[in-house]
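Okay, structure first, notes after.
A, B, C and D label the chains in the order they appear, each numbered from 1.
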Amino acid sequence: MIFDSKIIYNKKISENFYHLKLKIKKNLVPLPGQFVNILIDDSCDIFLRRPFSIFNYENEKLEIVYKVIGKATKILSSKKKGETINFLGFLGNSYLDFISNNDNTSNDIILLGGGTGIASLNFLCQWLKNKKYKFTLLYGAKTKKEIFFLKNFKKFNTIFTTDDGSYGNKGFITHYLEKIVNNNSLIFACGPEPMLLTIKNLELKNKIYASFESYMGCGFGVCLSCVIKVKTDNNGFEYKRVCKEGPVFDLNSVILEKD
Amino acid sequence: MIFDSKIIYNKKISENFYHLKLKIKKNLVPLPGQFVNILIDDSCDIFLRRPFSIFNYENEKLEIVYKVIGKATKILSSKKKGETINFLGFLGNSYLDFISNNDNTSNDIILLGGGTGIASLNFLCQWLKNKKYKFTLLYGAKTKKEIFFLKNFKKFNTIFTTDDGSYGNKGFITHYLEKIVNNNSLIFACGPEPMLLTIKNLELKNKIYASFESYMGCGFGVCLSCVIKVKTDNNGFEYKRVCKEGPVFDLNSVILEKD
Amino acid sequence: MEINTTVKIGKLILKNPVMPASGTFGYGLEYKNFFNLSELGAIVTKGLSIIPVKGNKPQRLIETSSGILNSIGLQNIGVENFINEKLPELKKYKIPIIVNIYGKTIDEYIRVAERLSEVNIDAIEINISCPNVKKGGIQFASDKKAIKKLLYNIKKIYTRTIIVKLSPNINPVEDIAILCEEYGADSVSLINTLQGLAIDIIKRRPVLSNIYGGLSGPAIKPIALAMVHKVYKKVKIPVIGIGGIMTYKDAIEFLIAGATAIQIGSANFRDPLTCIKVIDGIKNFMKLNKIDDINLLIGTLNY
Amino acid sequence: MEINTTVKIGKLILKNPVMPASGTFGYGLEYKNFFNLSELGAIVTKGLSIIPVKGNKPQRLIETSSGILNSIGLQNIGVENFINEKLPELKKYKIPIIVNIYGKTIDEYIRVAERLSEVNIDAIEINISCPNVKKGGIQFASDKKAIKKLLYNIKKIYTRTIIVKLSPNINPVEDIAILCEEYGADSVSLINTLQGLAIDIIKRRPVLSNIYGGLSGPAIKPIALAMVHKVYKKVKIPVIGIGGIMTYKDAIEFLIAGATAIQIGSANFRDPLTCIKVIDGIKNFMKLNKIDDINLLIGTLNY
């Protein structure tokens, strides 16, 4: 689906991070883990759209949180209230595809997020909270500065860690994962690939589902640029599309670059 | 010279016409007939700069008046007060190159302008008025709507004509030129090529200098894209650069497309 | 005003000259959420080979100024899976289906064509911008003997419309077009992507894992338009124009240059409605300019 | 940190690898209002012929997506006027002067080179993307025999540095580069513009009066980079990289791909300070990345 949505606000929330809120008119509801693909500019200079996870959706209002890292995100950050954003949505699969109804009784759910990866986990937290699932969020950042929506995340059962100890625990979140995980834990992760690799290397017996990022040409399954290696039965692999079969995959089925 | 100038204002003055005023910090003063070459956008989508005549310059404030006709002028029209405009200036020759000191006693000066061509003539009017030259301005437009700065031009000795008679005289300015011209008249013209051709075809004996427009790659003489045919002594022609030897040429020396 | 937008490519009749370019439209079905596929002149599939192909290691694509560079590596599900899983649903849209095909050897090309001759598709588009494994990786596109052999054999087994898709990396492209005409191609389509490179200056590595990629998008439009016009002047078979088309204006430039139909590639990624917008735009342009038959536009460049 | 940005092209020593591309810098002097010309690695003039040339009828240039299409038609003042009117002032800047030359016949090329051998310039860059009048307008660039004869004869009379500027419209460009090396060129520079077309859809005429034009600017950068890298792998003489360079990052991509020096063309029109900004940018990049000699960047692409 193609959306033309008005900006409600587009605020700077901390160094290089912005919070964009859009009014959605269409009768379509996104699921946690899904993303949108935004047309940044009329000019062809930024030829491709740019993908962003859904940070929240409530009352026909869609939110994303993004970091300014290059030319597209820079232009995005200059957009003002009232301007229209064209995007494709709601794309990809969802964390919910991997949650069954009895998970809220039998399991502890653990969520791990770092960097902008926290965006899609926020939406999942909201959903889990609404449905009264038990869960713990491990939120990792480099420094206190890079933690955004601190108050918001405090509402959940959140363990904060920073690399430099400037807020919460000092160290890496994977370390705390080991501390709290139990046999029944169902784990969801979203963050940079090195973080996912570290989780994978813990060789936990639990089911772990992770959301991946990759370079996207279209976002809706036709260009085959966004693929990652996924194991097949015969000890081989096939390329699966992050934008279509993903972005959420069983972490242990994915063959990471440095595996 | 390269200028980075702040926008004082960028106002819509009539359908599709805008008036841009910039603060100039450099110690450089433009002459009537010269132009600037504006960098429209950071994006390479509009790769070339766009040339605009100087409408006025006073107290370190530069003005241009432009019509929105395509993508560059559309983007230009969206720029706001306080934003910075990068331009090259002050480019080309000047009407003044063809005015000698005794012209203000011996001659009547006639100026003819149509469309956006009126922009460069305004600056010339201001100069002539300051120097107390005698002159008449023939201002032609399609309809009253397309006459801008009516009040401003009323300050001068101006004859207005519109194609449809909705303001001033009905008909073409070239017709009125024939009425007022005398043997001593020194004529300056700026407007669309068909207008210049009509003037040329009147075969007046007077000196006529006209400002030309052409497609510009650089604006400062290096690309050789902006050339027009100028007669040479040996009955031949050479290509001269509108941006460097021009934009003001002796009309009778120029070989026009439909000549 | 009644306007006619029907054009003919070999035995194919297209109700309008607009179709997607191979590799940018999947197997067609991914677009059905965006618009009604039956509005298109035809559908062109992702390039199919005799057996499924995995494609290249990522990174496979990178944005460049007004374009993209890709080295997908022709990943596809293979002709058999296409026939079983995709074709039945595609057929429902009642528009011509053009299957883009390729192989690593001449024999592989022939086998794909043979298999397709057994099912109900309307045309094949032969992508010759592929490395010929038997010839040590030289592109078929530059191998006149191989192209002759390819066409000679495919003609024998595939009797519907045959389009050959030309590579812009071979010069002069007209020579190959003439050859295709001579050996019985019903049409040529051009251009495929231009070879390009992008480098990560920190890692000092090519951005694409395959090193080189193919450049497409508005950046290449002037090049494509020149080639289409040059080929149009040299052959009698219809030419299909491809390269950087974003708007109806671009499409009309190609028609005037001599293209009987056009394909839209990279622009679909940016705006999945591009094909539909171009169709509407062409019709409006014809009405505004009182052109009642699109064939009155084709190849009308004055100079 | 002390950094060395000196590179060598034949007998030429450039204090940095950045120079303007022919035809985008006039005869050099037009830029002296913008910056101090002595900061450049070298100056490259507009293409000069034996007698003055009027050039093509306008319209000569049109903007395209991230690029421009031009058909100036090699308008120039002729070698004699250059020597008398421009060279004396240019010499004051004490940087290498490279004169781009061309002819309509082999003999014309030789005569320009001969005249230039008599004056104090540092190198000639031979533009072979010109129609060979004697051969009915076929480009020299595609005529191996003509190139051999050209180089053989020019070598005899011009003993300083000889650069051959290659056309991207001839494929494979490596073959021509190898030929140039074999016949004594000190360096090859590439790419010249790619043939392109733009059409006015209302008038149904080419926008440029010369019909076809040459495409340049950021649009072509990936193509240029691929060609530079391919040529670099095949020849031992230094390669000069040209095509779509706008920033120091682009320049460094070319250096990594194998260019010993680079030229900046169309970008000068957009920002006349581009060359200077690129020089500064390269130096900063080297400092930041602790690269003390620019030669440690050249040709270091890993794959």
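Here is the rule we go by: contacts are C-beta pairs under 8 Å (C-beta built on N, C-alpha and C of every residue); 3 or more make two chains touch, one makes a residue touch a chain.
Predicted model, so just to flag it, every value in this text is computed and none were measured.
Averaging C-alpha coordinates per chain and comparing to subunit B, the farthest chain turns out to be A. Centroids of subunit A and subunit B (each the mean of its C-alpha atoms) stand 56 Å apart. Each chain gets one centre point, the mean of its Cα atoms, and the points for subunit C and subunit D are 34 Å apart. If each chain is reduced to the centroid of its CA atoms, subunit B and subunit C end up 48 Å from each other. Shown for subunit D are the residues that touch two or more other chains, namely 64-67, 217-218. Shared contact sites, meaning residues of subunit B that touch two or more other chains, fall at 44-46.
Under the stated contact rule, the graph of chain-to-chain touches is complete, every pair of chains being in contact.
Interface residues of subunit B facing subunit A in the complex, by the touch rule stated above, are 41, 43-46. By the touch criterion stated above, subunit C contacts subunit A in their complex at residues 23-26, 30-31, 33-34, 46, 54-55, 58-68, 70, 72, 75, 217-218, 246, 266, 268-273.
The part of subunit B that touches subunit C in the complex is made up of residues 44-45. On subunit D, the positions that touch subunit C within their shared complex are 64-67, 69, 142, 169-171, 194-199, 201-206, 211-213, 215, 217-223, 225-226, 229, 244, 249, 252-253, 256-257, 285, 289, 300-303. Against subunit D, the residues of subunit B that register as touching in their complex are 1-2, 39, 44-49, 88, 214-215, 217-228, 238-239.
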